[in-house]
Structure formats: structure tokens, C-alpha cells
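What follows is a group of structures, each given as C-alpha cells.
What follows is a pair of complexes built around chain A, which joins chain B in one and chain C in the other.
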Partner chain A sequence: MSNHSKIGFYIFFVPIFLWLFLLIVLPHIELFLMSLKYEDDMGNMAWSLQNYKEFFKEEIYWLTFIRVALYSILVTFLTFVITFPIAFYITKIVSVKYKGFLIILLLMPFWVSELVRVYGWMILLRESGVINYFLQSLGFIDKPIEMLYNDVSMIMGLVYTSMLFMVVPLISSLDGMDDSYIEAAHDLGASKIVIFFKIVIPYIAPGIVSGSIVVFMLTLGNYLTPNLMGGKNSLWFTEQIYNQFIASFNWNQGAAFGFLLLVLSSFIIWIGLKVTKQNLTKALS
Partner chain B sequence: MNHSLEISNLKKVFSDFKAVDGIDFHVEEGSFFSILGPSGCGKTTLLRMIAGFLEPSSGSIKIRGDEMIGISPNKRPVNLVFQNLALFPMMDVGENVAFGLKRQDFSKSEINEKVTSILEKVQLGGYERKNVSDLSGGQKQRVAIARSLVLEPSILLLDEPLGALDLKLREQMKIQLKKLQNEFGTTFIYITHDQSEALVMSDKVAVMNNGKFEQIDTPQNLYSNPKTSFVASFVGETNKFKAKLTSERTNVKTKEGIDFKVNLIDQNIKEDCFLFVRPEAIAMMVEEDMEDMNYFDLKIKTILFDGSNTKVLASMNESEHEIMVSLPQNRQFSHIEKGKIVRAGVHVSDCKCYE
Partner chain C sequence: MIKSLPKSKVYDNSFKIYIILFYIFLFAPLIITCILAFNDSDFPTLPWNGFSLDWFFANTEKRVGLFYDSANLKSIWVSIQTAFFVSISALVVGTMGAFLFEQEDFRFKQALYFLALSPLVIPGVILGISLLLATNSSGTFIEETFGLDFEVLRPSFWLVIVGQFAFISTFVLLVVSARLKKFDKSLEEAALNLGANRFDVIRLITLPFLRPALIGTVAVAFLMSFENFNTTMFLIGSDITLPINLYLQVRDGSTPIINSISFLLIVLTSIMAILNLVFTKKEQK
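Now for the complex of A and B:
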């Protein structure tokens, strides 16, 4: 390596290294050590696996955990199902003239913070909200219905918040797919369903995987949306972590939960990659 | 003779642009038919209508007697070899070839058998498990053809499939394609802008321009008896002169003021016309002893050496207008050099006039 490229290497490497080390690795080491400490009956801190045992002992903890995992998978799947037709329409059907405009239209809501967007949904859905007002004034219902604070509205909110992170990789991988593949398959006798499953899906699989990983992790670690749209019943694992840190002031327990969440998300992604026979580096490149 | 494909009065209009403007032709069973035309002449539109990707504005397309209008591409007995081949990158060679078969009612063993046998026929035996990206350009070409031919289509459509190959490979593939067509006996419809591809491989060639067929003929006839000025200038190399017919209609005077005796193919052409003379029709260092010849002086300007295809750029008589003359292969003319003036002649029948 010449001196010149060495300097270039350090210019790029040092900030990344510092960022990863100071903001990710160091706090996690600290958290990990914290999670292994437990206050015994005498009020002394001692090394122990008690924090992790606590998780498996209390049903509510691991049930929340499983619930969050399953819902996150569901959200990821729903996000794909909803965004795929949009991405396909923008890249393959609409004329090139309107493509950029449509993509901007799609991105625009995401210039606003997640908090504002979630409040938007709340204004629509709450008991005194817009939808209830119209349903009532049109005479469909007598009493306003509470549409917030249930799993359905929470899932909907999570899907909505995640859409951008799925649609962008889908658009870019569909863009890279030559139309002639679809035409060739059609010409060789394939129906539209066969083309979808045998040609389009395998071709854009890396895009689907990278979108899914991001959506899944963001959903699993989302705090705001489940809290606001799911209310007290949302039972999201991040809330358990929050409660441990802030409400119970039990940092050791919270640290253990944080670690379990990390392990869980890594494990599910690993399983997902194995099942779909995809490669992480290929998907993210 | 059976007609594999019969097209009558086919039109395709895009908003205000007539891409295909009333075409009639038929292709005989088992023949190699080429559609030759410059880019933008509508040949790809025509091909896509035959394949079923475009609905014609009007007209009919019949394949082995069955009307095809309104039938989707996956139900038509035609297959298309795409310009970029469109081999599926996520499948290996065997899966690519088997793709169409799997859409029909074949058992696994039948499919395997067919795939193996077709790959052997295109000289890719044992390549089933190879990755498409590991193949060379010529091999990909053959996989794409095998993928279509394995379905035993009534017609195989080829959309400039040799365009992406380098010159050497293209020459080889021309011969291979012709051989494959002979072997399978399938009707090939080949689209190209390269006249040499069309002339070498085809039984018949249709020359297309501005959405219309100018001439449908055998390659030999197309070359030696072009019917229109477009065909004369598009097919093969030629020297073109702007000219005026003299009143007796047996001679023309070119813009440069040179007289040519001509045989008119179409007696009714206007006074303003174009004269075409092929480079190889001009003979150099001739004796002036024949009635039916046009004689003139050539001043050699440049020698364009290209092996067997060497040509000379020369100006005629005193004019500045340069024409191209082929040098015969015997070494008789090896002493010809720049600046020399030689007497040359061309037979009347090789001087063709069009409007």
C-alpha cells in the first residue's frame, strides 16, 4: 500500500472505528457486564445469571418476547405484501416520466418525524377522531368506536412506519431487473403467477432480504408506535426494557432484557437467511 | 407449400406514429426468413406483435392457419430469442432450458431427457449445472436458442441476437444458426439491421423501411435486382449518384456531368433519379471494345486495404465525386497506387436507376 492510499484508508477507517467502538461496542460491553450483576438479599452486587433467570421465570416477560417476535415477522410480511405492488407499479408499469415524481410522493411523509405521523393516525382513529366523526354524521354508527389501542391499529401503525424501508430496496432491485426476463418467461409459457414466484421473487430476493432485515429490526426495536397506538396493552418488549430502566430503576434487569432482544433479533434474521438460502453480504451489497 | 406464418394488412399506430404500416407477407414452413431494416423502421414492433407482446392496431396474424390476435404470448406457438438473450441469472443452464417445459405437462424424466438432448444438439452437452454467468457469449447464445427450441415452436423469432457478439464470434454464429435451422427444420424469423447476417443465413429476406416492406426476395435477387432505391442503397455496398434521365431514357447524366448508359427496370420513373453502381461491378484497366459498357477515367485517391475485401477510393473523370471500387483478388492490380489514373468500365446492366 502506498503512503497516499494509507492516509485515505485511515481517513475512512478512523471515524467508523471510533463510531462503532465508542457508541456501539463500549456501551454493549458495559451493558453486558451490568446484566450479569444482581443485587442479593443483603443489598450487595454480585456476579450472577439471576437477571436472565428472571426472564424465563416470569411468564409475562417471555410471552411478550414471543409476541413481539411473531408480530414483527407479521409486520415485515405485511409491509412486503403492501409495498411490492407499489414498487412494481412505479418501476415496471408507470411511464418513466412520472417515476421520479411518484417516488418523491412516496418519500414525502417520511420527511416528517415518526411522532408526528403516528399522531396523524391517532387524529384519524381516536374516539373523537375524523373517521368516527364522518361515520357518525353519515349515520353508520350511533356511538363513536374506539379504534386505537388494539393490536390491529398497532400493527397498522408499525407497517406504515416501516414501509419506506421496504419500498426503497424493492424499487432499486426491481429497477435493476430487465423487463425482458418477465417477457421471456411469458414467452416460454409462464402465467403471471409463475412469473411472480419463479422469476420476479428470486431475482429481487436480495432486495427483499435487505428490506426485511431493516423492517424487522426497526419493528422489533420500535418503542414509539406500539406505545402510542397500542396503548397500555401493546406489550412490546421495548416497553419492558424501558420500564426496567426508568420505572423500576433496575438497570441490571434492563440490560439483560436489552441483550436478549439483541440475541433474539440476530437469531431470527439468521434463521430467515438460512430458510430463504440468502446471503447477508449479498443482500446488503 | 404450407405457410407457417401469414400476415395480412398488419398495422400498428402509436398515438400519431405509424410504426408498422400495412404489411402483408407469408413465411413458408421450415424456411429461414429475415427482416432487414435500419433501426426505427418498425421491425422490432412487427416482431413483438408476432410474439404477442403488442396488440396490432389492425390486421391479422395467422400461425399455421390459426388466428393469433388476442392470444397472449404464453399461449402462442412461437418463441422469441431476445436481443439481450434474457437468460434467467438465478437459474443454471439446465433450469433455464427446462423452464418452458415445466410449464407444460411433462414428467420430470421427460424434461431431463429433452434438456439433455437439446443441449447436446447445440454442442453444450454436460453443461446443465453450469451457471449462466460462467458461459461465454456464444454459449449463452446457444442456451437461449436451446431454451426456445426445446419447446418445438412453430416459429422461432430472433431479435438481433448476434448484436452483442464480437465480429469473429458473429461470423461463427451465423454459420451455426443456419446449421441449427437446417437440423431442426423450424421456421426462423430473424430480425437484423446487419445486411450481411440477413444475406448469409436467409432463404428469403424482407427489407423494411418506415413501417413498410420495400421488397421480399431471395438474398441473391435482393442484391442483384433491388426493386427500390432504398433496397439498392441499404443492401450491400454501392455507389450512389444523383442523376437526370435524358430525353431518350437510355442515358442518365449525373450531377457531376458524367454520362451513363442505363437499362431502366421501371420505365415510368421520373426524370430526377438516382443511379446505383456496385463497387465490384466496376472493372479497371479495360479495353474500350464493347458496346454495352460505360467507360470513364478513375484517379486513385486512397487504397482501403482490408484483406479479401480491399477497395479503392477514386474520383471519376475530372469531378471531385469519389466512388468505391473493389479490387479483384488476383494480384493483377497490386501495382495500382495513389494518384494513378486508370481507365475503367461498367456494364449497362449494372447501372441501375431508381426514383
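Now for the complex of A and C:
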């Protein structure tokens, strides 16, 4: 369309530019600048790398950081392993009659607030919880066991929370895959494992990547699930940030933590895209 | 392995068992939360003491049901207002963004598009602290220089709206863009050739085409805002939203009133989810 007026363009451009500049770009510049300011003993603000030095000096900070990164990768992987069979079943095995119904059922829990879902797990798992009640009344255990507040329950909660963001891209890539690829491989004598690794996985790689990016990002940035389901030793990095901001009121230190988390998430997403030769705009839309 | 290939019983049955277990895993926390909202007990756990609506309607010294609990009711109202403003403004700006990126060409378009998608990979906590820092700095600056005080530059009801708007607009942008891609440009061109101006075309042709997508999007944007926790927790003022309020109650020990709120949320979101699905199905026909 050549006869677009300049005014028309600016009516669309200005709000978008203001939104992205004022609410995205500027705040993140401010985050970076604040992280470089440090209050010395005299109470004066000065430019300094002290906040970052603090991060490397205190073991608990960088250990949490590394642990959270590794756990997020683990959660992303587990989410894929758990949801892939579901996506495969829904797209390739179940009859068309039930397909729609199974998809609706699959999506429904994720419309409900994360807090409600976490709360549901809490009343199931905790010492006075429902599972313990059943185990006790069936005589499997004498005393209730605390199943909440440890790394396993936290990982499970994180996987549960992020499953949707993996299963939806998987379903749509599997939907786009012609069954004849699998049939051909089968006719040529390939085993299920070979079909899975040589045919299915390469075909749906873009779906896996976009699902993994979102799951990883959401896990890394999660606060509720680690906070409510993890134990005292499963501190999440977002909780460190929260503590600096709300408890210690040390915003500069918190800004440094925030910036490090942002760098970490961007870096791992970038690696993921590079390894699989994708680009962000494509992976997300 | 798939429908069209010979099946083995073991493979088929183990798949079925996995699917059933998965759906139990998916729904267990939600169902148990709903059931325990009606248990005649002071704690959200078993044993079952009989059916009761106390946690909705009681107003006695020992039990205050949801409909008499002013703190919770108020937070629900705050969340509804927040979600209303956020979803409407995100709808307008996100749709403008879709028009900008789908129908206009300009320098640095790719860079700006990349920026517009970036909120999807920025953890919500980071967006929250960045906005907190930036608004705090500019608020202090404006107050010291001009002696003016803007509520939106302090943690407050309006700052929460700004923060949620910053990333929910991206979601609207993506969904509306996807729909706009399917739009037959020749309709617009025909109208332009017949003498309509650009805004007549948008109002009379493009927007009616987008309407189903816009309605679906605004519903999801409303829910995203209603349930947001991570960004909100740093921007909140004295008007506490429902997720924050629930979080504080869950963290500090819980009464079945949380179950009754959860029950209502689960029922309402399920209805919304189903309506949304019915709507999109109709649109596709």
C-alpha cells in the first residue's frame, strides 16, 4: 500500500515507541545504572563495582545463582520429557473424536492462577495434608511425613507450573508433521527409538526450542513456587532479589542481582537459539 | 506407533496408563482444593467432617466466610479494576502495534519488533524492579525540580497497571499480528480504490475482521493481569491485589477461606476458558 499517510504512520508509531522506550528500555538502563552505584561508609553514593564484587564474595549469592540456573535447565528438560508423550498421544494416536476434549482438559488448569495451583499442591503434600491422611488411614505409615519444603517438591511444582508452555508448541509442531514420515521410516524397518531420534525430534525442533525458552525463562524468574514449596535450603535467586529490595532495602545490591539474572537468562536463551540455529522472533511467534 | 501402523497391546496400554496418570497429576491439586472448600473443618485438610458452606457464608466469631471477609473482597475488587484498565489499554496499544509491524515499513523496524517481543523473555521480577527503580528516580527528580508529586511514580494502584500493561501489550501484539497476517489485503485495497481513507478502512473492514481475535485476546489479557504476581509484588501500594493477598495468607498459615476463593476462581476461569474455546471454534468455521 503506497498511499499510507505519514500521519497514519505516526498514530501507530508514537504509542508503541513510548511504550517500549519508557516502560522497557529506560527502566532497564536505570536498573543497570543503579547496580553500578554504591553507598560508602560516609553515606555518599559513588560509581563502583562493589555490588558485583559483593555477589562474587558471598558464597550464598553465587551458589544460589548457579543452582537456580542448573535447576531451571533440569526443569525445562523434565517438562519436555513429561509432556512429549502427551503431545504425541494427542496428535498421533488418539482418535480425532477425543482429541479436542483432551486438549481442552489439558489447557484448563493453566487458566487458573499459579497461586491456586501451588496452594493445591501444598494441601496435598504437607505434613497435615491429604496424601499423608490417606497413607495413614490405609496403614502405610505410622507418622505423617513432610513431603513439602524440599527440592523434589519444588522441582515438581515448577514442572507442573510450566507444562502448558511446553505442551502447546509441541502439539502444534506435531500437528504439522505428516504421518507418512513415520510410516515410511517404519516400512523401511526403523525401530521406534530410531524414528523418535532421527525423524520426530528433528522435525519438531523449532517447537521444542520455543517451548524450552518460555519454560526456562518462567522457571528462572519464578518466585511463588520456590518460595512456597521449596525448603529453607532451596532459596531461589528471585528471592535474593526480593530480600534486597524489601527486607534489606538495599536497592543497589538488588539492582545488581536483577541485572545478573537478566544477563543469565538472555545468555542461556541465546545459546539455545544458536545451538539449534533458530532466531528469537521466529521462535516466539 | 501411530494410528495407521500395526499396534502392539503393551505399547498401547502403557501409553494409556501414562495418559491417565498424567491427567490425575494435572487435576489432583485443583479438585482437592475445591472439595476442601466445602469441608466443615477449621483447616483445609481431611478428614471429611461433612458438607458446609461456612467458608462462603458464615459470619460468626469463629468462622468468617468469603462473602463477609472485607479484606479479601476488597482485594478481589482491586484486582478486577486493575485487570479492567490493563486489558483495555493493552488491547489498544497491542493492536496498534500489530498494525504498525504488519502494515508499515520503516527504518529499524526489526530492531523495534525485537524490543516489542522482549518482555516475553524478561523475567517478571526484573521488569518489576526496573520499573520501581525508574519511577522512583524520576519521581524524586520531578518532585525536587518542580515540586510535583505523581502517584503513578510511586508504588500504587496506577503503577501496578503500568507495570502489567508493559508486558501484556506484547501478548496482545502477538495474537493480533497472527490474525492480521491472515487478512486478505485485497479487501483493504478495494476499499481504498473506492475512495475510503485509511481509518475508514480500519474501522469498517479490518477491525470487524479482527473482532473475534480481539475479544479472545482481551479476555486472556484480563486473566493475565488478574493473576499476575511477579511484576505486581514490587509495584504495589496500599491497594493490594488478590494474588498478593492470597500469597500473604498462604505464607502465614491458611484457613479454608483460601479454598473458597480458589473454588470461585477455578469455576469462573473454567467458564471463561470454555467460552473462549467455543468462540475461537466458531471463528474458524
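Just so it is clear, the second predicted complex is superposed on the first by the 256 of 285 C-alpha atoms of A that agree within 3 Å, B and C clash if a C-alpha of one lies under 4 Å from a C-alpha of the other, contacts with A are read in each partner's own complex, and residues count from 1 in each chain.
Just so it is clear, a contact is a pair of C-beta atoms (placed from the backbone, for glycine too) under 8 Å apart; a residue touches a chain by one contact, two chains touch by 3 or more.
Worth saying up front: this structure is predicted, and the values here are computed from it rather than measured.
In the superposition on chain A, A:Ser128 contacts chain C only, with no contact to chain B.
Applying the stated contact rule after C-alpha superposition, one finds that A:Asn44 touches neither chain B nor chain C. Once the two complexes are overlaid on the shared chain, A:Leu262 sits against chain C while remaining clear of chain B. Contacts of A:Phe13 after superposition on the shared chain: chain C is touched, whereas chain B is not. Once chain A of one complex is fitted onto chain A of the other, the partner contacts of A:Ile199 are limited to chain B, with no touch recorded for chain C.
Of the two partner chains, chain B and chain C are each touched by A:Glu183. Of the two partner chains placed by the overlay, only chain C lies in contact with A:Glu30; chain B stays clear of it. Number of chain A residues touched is higher for C, counting chain B against chain C. Judged by the document's definition of touching, chain A residues 183, 186 lie at the interface with chain B and also at the interface with chain C.
Residues 178, 180-181, 183-191, 194, 198-199, 202-203, 205 of chain A are the ones that touch chain B when the two sit in their complex. Contact residues of chain A toward chain C in the complex are 1, 3-5, 8-9, 11-13, 15-17, 19-20, 23-28, 30-31, 34, 82, 85-86, 89, 92-93, 95, 104-109, 111-124, 128-130, 133-134, 160, 163, 179, 182-183, 186, 192, 195, 213-214, 217-218, 220-224, 227-228, 238, 241-242, 245, 251, 254-255, 258, 261-262, 265-266, 269, 280-281, 284-285. On chain C, the positions that touch chain A within their shared complex are 1-5, 15, 18-19, 22-23, 25-30, 32-33, 36, 43-47, 92-93, 96-97, 99-100, 103-104, 106, 110, 112-127, 129-135, 137, 162-163, 165-166, 169, 174, 177-178, 185, 188-189, 192, 198-199, 223, 226-227, 229-230, 233-234, 243, 246-247, 250-251, 254, 258-259, 262, 265-266, 269-270, 272-274, 277. Those residues of chain B that touch chain A in the shared complex are 51-53, 72-75, 78-80, 82-84, 86, 88-90, 99-100, 103-104, 147-148, 151.
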